[in-house]
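In structure tokens below, several structures.
The same subunit A turns up in both complexes below, where it pairs with subunit B and then with subunit C.
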Partner chain A sequence: MSRHTYGVSGRKYVVIYRAVLMENLQYAANIAMGFFGYFVFIFIFIKLWDYIYQTPEELIAGYTKEQMIWYVMMTEMIWFGSNTGAVARQVAADIRGGNIAYLMNKPYHYTLYILAKYTGEWSIRLPMYMLLAVAIGAAMVGAIPGFRLATVPVMILCLILGITINAVFKMCISLLSFWIEDATPFQWLYDKLILVVGTVFPIEIFPRTLQALFKLTPIYTVCYGPAKLVVDFSGEKCIEILSVQFLYLAVGCVLMFLIYRKGVRKLYVNGG
Partner chain B sequence: MEQAVLFCENVQKSESDRIQALRLHESKYHEGGGIAMYVIKAEDLSKTFRVRVKEKGMRGSIRAILHPQVKEVKAVDNVTFAVEEGEMLAFIGPNGAGKSTTIKMLTGILYPDGGSVNVLGLDPIKSRKQLAHRIGTVFGQKEQLWTHLTPYDNFRFFGAIYDFSDKETEERIEELAERFELEAFINTPVRNLSLGQRIRCEIVASLIHNPSVLFLDEPTIGLDPVVKENIRELIKQMNRDYHTTIFLTSHDVGDIEKLCKRIIIVNAGQIVLDDSMEHLKRHYMKQKTQQAKDGNQPDTSGADISLEDIIMEIYQAEGRRIE
Partner chain C sequence: MLTAVRMQLRVCLLSVKYNIMREMLNPVTFVTNVVFMILNDAAILVQWFILFRLRGDIGGYTMKEVMLLWGLTAASFGLSRVLFTRVFSLPELIISGKLDSYLVQPKNVLLSVMTSATNISAIGDFLYGLILLVACGFSVSRLCLFLLFTVTGTVIITAFALLLGSLSFWFVRADMLGNQMVSGMISFMTYPDGIFRGISRFLLYFVIPVGMAVYHPVHIMTEFDVKMFFEVIGYAVLLMAAAMIVFYRGLRRYSSSSLMEARM
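Entry: the complex of A and B
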């Protein structure tokens, strides 16, 4: 009964995804406990922007007050909804603790296994946070100006791409554990870059030189892109963001496979 | 103790003879394309780890940052052996002897520094994924099952991982569940199973894809005697029914004695003995009788020979040699 797809078949990754989904469904109540943190965060920003915007018509960096608050709600939704342990903590722990050895001798690619697991994790979390964001937005902010339901599928595509790019880059950092004792400081720096710079303000709010710099970082594809399309959709912007996302994903994947291939030769698994 | 060293050296001679014989056998049959006898072949296999060294105390910690020192540890040192199809082999040694490192090189997890490995005609490093389809692994101290899922869901999962259709997986689960008596707990989440039930399921999960070679790394660790016996019976059964080659590492002499006909003992990364269980005991008895005749040892001929005693003697003899 031997098979010869040798890890290239996508079905096994769908099965991994499904298994994680089944496992994580049992934690739905635990996930909901994180809602409080999200609500507090958003509540503070609603009050902050209420205070900063003097009149309802005022624009800051091209954003109305509603757009600005919805932007923060979307980026924070991405952050809270996709912040799981698989790509950062698990990969680093697998390498340091030697558990990777037991995952490598299965007919799948370890990095794709982790990505499938991660996707299974956020597939539960993100929709829950999405519902919460829409509820808070509808109750406390109001409708997004110019929002069209027809653009939702492309927004979802952009959102999935953004989360996957984030996972790929986080995995690249975690894979450094093959060489260094602890990749956590690098992970911390990356997270803070995304959280502080990427989720709180849209890129347009920063000076022009910094804007150009941020566009070269994953912030543009992970947070800014998906949130921008939600609050201020345009065909031109959509094509630009999706193109950059595909480029980022391709580069990130090449980097991830390369680091993994090099790193696995360095694997040091001691003991029985 | 000197007698033990002598015994070990004598056995080692037979071990090197055996390797020579294996090589001759291989060149005669295998390369001729006639009979592919060996499922595992390792030749001059070596692996060296670079381990950081730190002197004691705060001064040592600071010095380690400024002038990091690295020590090379030969985990596996020019190991050569071959395993025949359907064989049940015990690969044993004291802690840190290089057993697990060898298994990890045989399964493609670790890259050897020297020598060559061939498992089922494949190079484990170049063809790790292909090999994964044809081997199974059970590491007694590591879980491969998803604890929140039932054994049934786990088996379905592994079936899909190995590219089986749902129908094929179902048939295989049915067969294995019946053969290995899993029906009573196949739908209970793994986290609620006893250790013995879990290990049974671990072994069955590694058999879903009908592997030709099964690597068992301490499969009975932490189990009570009754459950150990059940697991041994299960291993024997799969060797008998499916002709699965068993590569077993264990510190439990019962596992070795009751399951394996051949034993390889490694110490400090080297093979110190490779012999059949029967020959090992016979040789040991002969040695003891000779020693009794020479007046070096009391006469123990006729007494029961414990494999544990033999292994202990070899470990101690090797320990002395290393010291």
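Entry: the complex of A and C
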């Protein structure tokens, strides 16, 4: 297939990203309405960890109470800040509704178009949730022990990679709609895996055998990695997490292109 | 009067029945939705196993009580979404003027709206609730109490959603507030009340009706208390009555958007 039809050139995706970003800026007030849900989760977890930690100095799986709450705040921030409809609902709807027949003939690659759109969506949401997390954390939890401002750029890189990996895997699941009518149940299971294992606790809290298993799943790169660097940064851990993230992104993208290519061959659209 | 009520209820049950039959046209999707919802709910148990490894009790609850709490929440929320899922999207109907087609039918407007759609995956939630009941100690008396409290829980969740959804008759942005409050309520319902103290506990019993929907029922099922029992039933009836009054008050303010729509 020619370079033109596959749309590898990056500029068009930057234009798509910018257009979606500008569009989403109009809905900043609507996004802020979702803060209540985030606050409820954080409030529950603050109360939960308050109950479980019996003394302020107690360590659970090597984490202080403040670190544990900040960990949940960071993972939930990633969850709420990147929870937009593009990679899950739109892809499934495009395939089921036949709209994909129009979109796949445009001079871009459909999956990269969706990723650019998704990035434009979370680029507004995530910073808003980030500010909220910092405000709640400062008011209700206190400073993160040992936090260094100089490490923020690498944390942001890790965060962006984590969100992109999550998007790629969610898109892979949505692309299953080429074969099955409704891939939503698979999205639930994937989301629940990320939520239960990745967002509520750090991996160290699980038994050792499970820790090794979880390190092989997207959980390690999507939630644990970015949150771990925020609450307990170390150069060694940072290199390890970033390396695994790049590896995961490469594997995820290959998988995504492969599923898409196989899927479009199977596509059958009735008129319209 | 009684015959009229019976007829209305019969029409509603038929409506739910046909909603489910329509969804069953594709059996694979139907079964996948139900089974995966059960698995989705069951995944949360991992969280509780981990928490109970850290401490013997969470907010005064043992693992069995947490399972009961989860079971009641899942069954109540599931039944509410199976029978009355349209209540959760009521603001959209009001704002976009889609209530017209319900107003012209010779049926009770509220019941007709509430039972006009079914969420199939919610059947999985309901079944999961029953599975948890069996897992944490089955007996006929517990089953009877569980089913009764599932009904009161369903009434409370539905009434709360109806109350907040009806605010859209007055305020356009009330839909977002309503959605947030209902999902907040469900989040609170899955954690023991013992971890909340002071004002948050007061809010969960008197503002967001979590206490009466699940906390009291779990306490009653653990240790029966007649006073609490009648409090729960009375609260469910009063909340639904209040929600219906607000809905019908709001309906007087409803204005059509001249949207052409047919309902069979």
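Observations on the structure shown:
What we mean here is this: the second predicted complex is superposed on the first by the 266 of 272 C-alpha atoms of A that agree within 3 Å, B and C clash if a C-alpha of one lies under 4 Å from a C-alpha of the other, contacts with A are read in each partner's own complex, and residues count from 1 in each chain.
What we mean here is this: a contact is a pair of C-beta atoms (placed from the backbone, for glycine too) under 8 Å apart; a residue touches a chain by one contact, two chains touch by 3 or more.
It should be emphasised that the depicted structure is a prediction, and the values quoted were computed from it without experimental measurement.
Superimposing the complexes on subunit A yields a three-chain arrangement in which subunit B and subunit C fit side by side.
Contact with subunit B, but none with subunit C, is seen for A:K12 once the two complexes are overlaid on the shared chain. After overlaying the two complexes on the shared chain, residue contacts for A:M104 are found with subunit B alone; subunit C is out of touch.
Between the C-alpha centres of subunit B and subunit C, as viewed from that of subunit A after superposition on chain A, lies an angle of 90 degrees, to the nearest 10. Legend: residue contacts after superposition of the two complexes on their common chain; A:V254 is shown touching neither subunit B nor subunit C. In the superposed model, A:I60 makes contact with subunit C only, not with subunit B. Once the two complexes are overlaid on the shared chain, A:E23 sits against subunit B while remaining clear of subunit C.
By the touch criterion defined above, A:I156 lies against neither subunit B nor subunit C after alignment on the C-alpha atoms of chain A. Once you line the two complexes up on chain A, you'll see the smallest CA to CA distance from subunit B to subunit C is 6 Å. No residue of subunit A is contacted both by subunit B in one complex and by subunit C in the other.
By the touch rule above, subunit B contacts subunit A in their complex via residues 49-50, 75, 95-96, 99-101, 104, 107-111, 128-130, 132-135, 137, 139, 141-142, 144, 146, 148-149, 153, 157, 160-164, 168, 172, 209-210, 217-218, 249. Touching subunit C in their complex are the following residues of subunit A: 30, 33-34, 36-37, 40-41, 43-44, 47-48, 50-52, 60, 180-182, 184-186, 188-189, 192-193, 196-197, 200-201, 205-206.
Listing the residues of subunit A that touch subunit B in their complex gives 1-7, 9, 11-12, 15-16, 19, 22-23, 26, 99, 101-102, 104-109, 265, 267-272. The residues of subunit C lying in touch with subunit A in their complex are 26, 28-29, 32-33, 35-37, 39-40, 43-44, 46-47, 50-51, 54-55, 58-59, 121, 173, 176-177, 180-181, 183-184, 187-188, 191, 194-197, 200.
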